[in-house]
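Chain nomenclature is as follows: A, B, C, D, E and F, assigned in order of appearance, with residue numbering initiated at 1 for each chain independently.
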Amino acid sequence: MFLQIENFLTSAEVTAVAEIARQAKFVDGKRSNPHNPTKDSAIADPADPVAQKASQIAMTAFQRSEQARNFAFPQRMAAPYLARYGTGMKYGPHIDAAYLPLGAQPLRSDVSCTIFISAPKEYDGGDLVAHVGTEIVRIKGEAGSAVLYPSTMLHQVVPVTAGERLVIITFIESQIPDQLQRDMLYSLGEVRALEALKMDWRNRVQLDYVIQNLHRMWST
Amino acid sequence: MFLQIENFLTSAEVTAVAEIARQAKFVDGKRSNPHNPTKDSAIADPADPVAQKASQIAMTAFQRSEQARNFAFPQRMAAPYLARYGTGMKYGPHIDAAYLPLGAQPLRSDVSCTIFISAPKEYDGGDLVAHVGTEIVRIKGEAGSAVLYPSTMLHQVVPVTAGERLVIITFIESQIPDQLQRDMLYSLGEVRALEALKMDWRNRVQLDYVIQNLHRMWST
Amino acid sequence: MFLQIENFLTSAEVTAVAEIARQAKFVDGKRSNPHNPTKDSAIADPADPVAQKASQIAMTAFQRSEQARNFAFPQRMAAPYLARYGTGMKYGPHIDAAYLPLGAQPLRSDVSCTIFISAPKEYDGGDLVAHVGTEIVRIKGEAGSAVLYPSTMLHQVVPVTAGERLVIITFIESQIPDQLQRDMLYSLGEVRALEALKMDWRNRVQLDYVIQNLHRMWST
Amino acid sequence: MFLQIENFLTSAEVTAVAEIARQAKFVDGKRSNPHNPTKDSAIADPADPVAQKASQIAMTAFQRSEQARNFAFPQRMAAPYLARYGTGMKYGPHIDAAYLPLGAQPLRSDVSCTIFISAPKEYDGGDLVAHVGTEIVRIKGEAGSAVLYPSTMLHQVVPVTAGERLVIITFIESQIPDQLQRDMLYSLGEVRALEALKMDWRNRVQLDYVIQNLHRMWST
Amino acid sequence: MFLQIENFLTSAEVTAVAEIARQAKFVDGKRSNPHNPTKDSAIADPADPVAQKASQIAMTAFQRSEQARNFAFPQRMAAPYLARYGTGMKYGPHIDAAYLPLGAQPLRSDVSCTIFISAPKEYDGGDLVAHVGTEIVRIKGEAGSAVLYPSTMLHQVVPVTAGERLVIITFIESQIPDQLQRDMLYSLGEVRALEALKMDWRNRVQLDYVIQNLHRMWST
Amino acid sequence: MFLQIENFLTSAEVTAVAEIARQAKFVDGKRSNPHNPTKDSAIADPADPVAQKASQIAMTAFQRSEQARNFAFPQRMAAPYLARYGTGMKYGPHIDAAYLPLGAQPLRSDVSCTIFISAPKEYDGGDLVAHVGTEIVRIKGEAGSAVLYPSTMLHQVVPVTAGERLVIITFIESQIPDQLQRDMLYSLGEVRALEALKMDWRNRVQLDYVIQNLHRMWST
């Protein structure tokens, strides 16, 4: 469901991205979702070469994070982009679009990812709030941490009431589109990683039989 | 996902159930899940006629609650039972069993339901905590309220540190086993209930076309 | 199911295609389906640069038609081609092949499309007849109109008894292969387009929640 | 898709049902669909023993019709009921409800069935019109004939402009809920019935292998 | 896939069934599959009270065999029946029918079961041969053993060339119709049974999370 | 399920591959599956141009084999590679990985393929043994023959006890991932190939209707 990863970016990377954000050109965030009147943030211009460096840092971090890959089963990833919420800015309740433009073939967003650049103490409000029916999950990560969650959930960024919230956002098309299936295969993978060496080899083979075949079955 | 319903029981019903709990025979909660060593609670003996009155009250409440029915698409329901967590008691992280014995045909638990009899001020600790990956949802409902949530989630009752937590528990086999599908059909039903009268009749017919056919498709 | 679109081509485009047909090289229609002995029509040689202009006109028309895109959820499209049925010609009952050659990766035909170049008064017979079990749907569109229908249906072109029937044919691989699912998502999209502005924003968000998640679920 | 069956009732049965209709008690048709303001017909009171005889005649006819069973793969059937459209009556465009009350377990309507008691010459208008997108299928069967069609289609009864239209209506829950799957298995069954004796026994066994396994796969 | 279970019946039960077979009334085996001309065996008359005792013995054995239940996930079972292949008898290649009559609701055969009463040395030929494409699996079990296999496979009993082959046959409708899914859930259950006590409790909970949710997902 | 194809390679091709094997550079087979400690074989270095000639011969053979294509419904194929089992070598029970690296997009292995270069008389042991539950299928093909089987099966190569076993291995991503669906569509294709000319054209069209639509439905 949700996966928070501490130190997804190193502190050097966080500093580098924060510096990029000071130099990059920002445009109205509605550009990435023109139909949503409640979106009030600024995003770094994807065409700006300075901003593209931040995108590259995030992409590299994703590829090196075994935890992120094991959880998201990434097939393709959208170009990550910087988003800035100044005081008073917000993004009302919304659902991420099913498809984003990406080269010749649109990308289906199955997993959404927020990487926190600002530290929690640098801004008031600005929590990422996911609606799980009448309950909510409220997230305000440490600088350098990332949170991954299913793109199928209604969520919002509540108004920043002081300071500035700087994050990197991206979307992942997964080999395993269904959230519960993805969670189950991730769980089995964790069990194998932590317990396989203690197992009788016959049981290890049986567990692998299930894992490989679930991966086949659910990724088609 | 989660649905909290206020005043699911009337205050008279809450009082009646609390009185039943004082008279009913309670047995070790492991009886309903003998394999889980972390279960430490008492449940009312399902064979006790006094306890069955509480079960009946809960069943009636469910059947009269349009909101509960619209959300859960109930096909069958297990007999609700009283559970009591005295000080120090708890139920460790667990997943509800896929099937429960119920007459000639086992019942698949798709939706889990907790009805709060004790008021939050009557006990410390004892929150229902659902794990949505590395995040949690924490619920402690008002007396008479109910919470419904997918049986597919890991959850626990954290230790009661003072007082006593009295609840009624039940499980629902849904016409629509998949949680996201159930959520979507519930959402469309709400849109129809709240917006249909404003719509052009052609669009109302189109919306009904989708709702009826999704119901067919997903309940098979 | 079926979608007729009037003025899919402008009258200038119809005139241009009719002129192309007079100049292009035509070959035996069996070339596109050698196994079907009942196919008796002529198709423009796909290698003929003159014929390719007609193909380009049809492709452009498809891309600009929001209605066609909303209905078919196109992922890829086969190169449209001109087909000519002179007096006495026909195409007996058949099912369109599941896959057509298209570059490195065959194209699955989910939606079939006929664009009418000849006006109905220019030929007798030559109706497109789709078999929906023991009933039939009979279509003879205006010049410039298009009809889209599921490739899963048995259909035929009945013999032309006088004049000449000139059409452009193409096949679409859809993001949403199942016909009923495609119809339902199209219907919800129409409801949103026509009713969203009248709705309470909470209901609009709920409707969008369903539309985006159905799009995800059914296109995977 | 659609299946028209001639002589579904014998002429003696048609006469018997017409006589029953003269004696039975009719009530407002809205009773079977109170939410649809466009329903304007009369239905025989299901509690009336006279009307129940007509229901029994229809049920018996269904059970003896091999064609109907091969097409619908019936699991359960709702009690058929008489419907009468006098001059000026109609039933506007609608979708049949996904579920109908039927004893302890609601019945999912997958296949809808109309049995014609009045002959076409006995009334003007009153066609059953099914919407297959922007096209329509228009049906006005002979007395004693029946038409079966998927409950997933929008359809209507256009106003009767003279005379009276008497029909029996029922709904079938199918072993095979998906319409295209039902059609394909029906088609394979027809091929086997008509061609198996000409086949090499190895091919007959292969065909049976497919038919039995599709039946398993799609009815679960 | 295949599961051979030794000592499914005790030797006392084998003796009892063999004695029953000497007393019971046998009829032509085509009675259970009249359309298959290659069936040449005798089956005990299901209406014969003597034969019903053998049926009861087999049913009891199935219910006490945890291995059989864990493998087949039985929902319902057809009444087991005795089948006798005298010298020269056989059952040509065939596929078990998708549905068998069983009370009010036909039973879908997902798992086929043969219980061997005769010992292999009592007859020549008579192997159960399952076709897995161009390869075969050949089974001739010990007296008292049982073999369970998917009903989706082509199989045959090759001619008995000497002696007599006595078996009990039955068919199981499974909670989990798909064979690969059933195999995977069985495998995970075995891993849990054999390894859970060695595991960290967190991993045990994760494994249970997957097992219970797969059971839900695949049995619906 | 399994398909053995005789003379998949011509004897000239077998001779050519055997000669290539004498010249090519071989590396430890664990390279293609580093996590499996029971893998003990040598594989030709995929980067060696000499070895690539063997790969090309195998690929060409696959593309010309109508039987292989009809059975596997290939979408993509991994580069075939030579594997050599000297005396004492083996590959313990394992399941083929769900995904193999292949250019920009990993290849899902649905069908596994072994092409036999050594003749059975050239080595003792070394059988390919597939586990179908408690039963096994044992294969030792003629030189030049190939066997295709589902990648979802546990299998092994038992120890070579004398001589040397030389094979080519490859993996196919199928348009139709599910094994039973693939088998059924292959069976229907065989029935059509062998029986269509004897059929009434209406039945041939119905059979084609089913084949094309199953192909659509299962390849999406």
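Going forward, a residue touches a chain if its C-beta (ideal position, glycine included) is under 8 Å from a C-beta of that chain, and two chains touch if they have at least 3 such contacts.
It should be emphasised that the depicted structure is a prediction, and the values quoted were computed from it without experimental measurement.
Student: What is the set of chains touching both chain C and chain F?
Tutor: Chains touching both chain C and chain F: A, D.
Student: So which one's got more C-beta contacts, A-E or B-D?
Tutor: Higher C-beta contact count between the two pairs: A-E.
Student: I need the rotation angle between the copies chain E and chain F from a CA superposition, between 0 and 180°, in steps of 5.
Tutor: A turn of 180 degrees brings the C-alpha atoms of chain E onto chain F.
Student: Just the number, please: Cα centre separation of chain A and chain B in whole Å.
Tutor: Centres of chain A and chain B (C-alpha means) sit 32 Å apart.
Student: Quick one: chain B and chain C, Cα centre-to-centre, how many Å?
Tutor: Each chain reduced to its C-alpha mean, chain B and chain C end up 50 Å apart.
Student: Could you work out how far the Cα centre of chain A sits from that of chain C, in whole Å?
Tutor: 39
Student: Could you pull out the residues of chain D that touch at least 2 other chains?
Tutor: Correct list: 152, 180, 209, 213, 217.
Student: Any two chains that touch count here, so list every such pair.
Tutor: A-B, A-C, A-E, A-F, B-C, B-D, B-E, C-D, C-F, D-E, D-F, E-F
Student: What residues of chain E sit close enough to touch chain D in their complex?
Tutor: 93-99, 108-110, 151-152, 154, 177-178
Student: For the complex, which residues does chain D have touching chain C?
Tutor: 1-4, 131-137, 139, 149, 152, 179-180, 183
Student: In their complex, what parts of chain D are in touch with chain F?
Tutor: It comes out as residues 180, 184, 187-188, 190-191, 194-195, 198-200, 203, 206-207, 209-210, 213-214, 217.
Student: Going by the contact rule set out above, which residues of chain A touch chain F in the complex?
Tutor: It comes out as residues 75, 175, 205, 208-209, 212-213, 215-217, 219-220.
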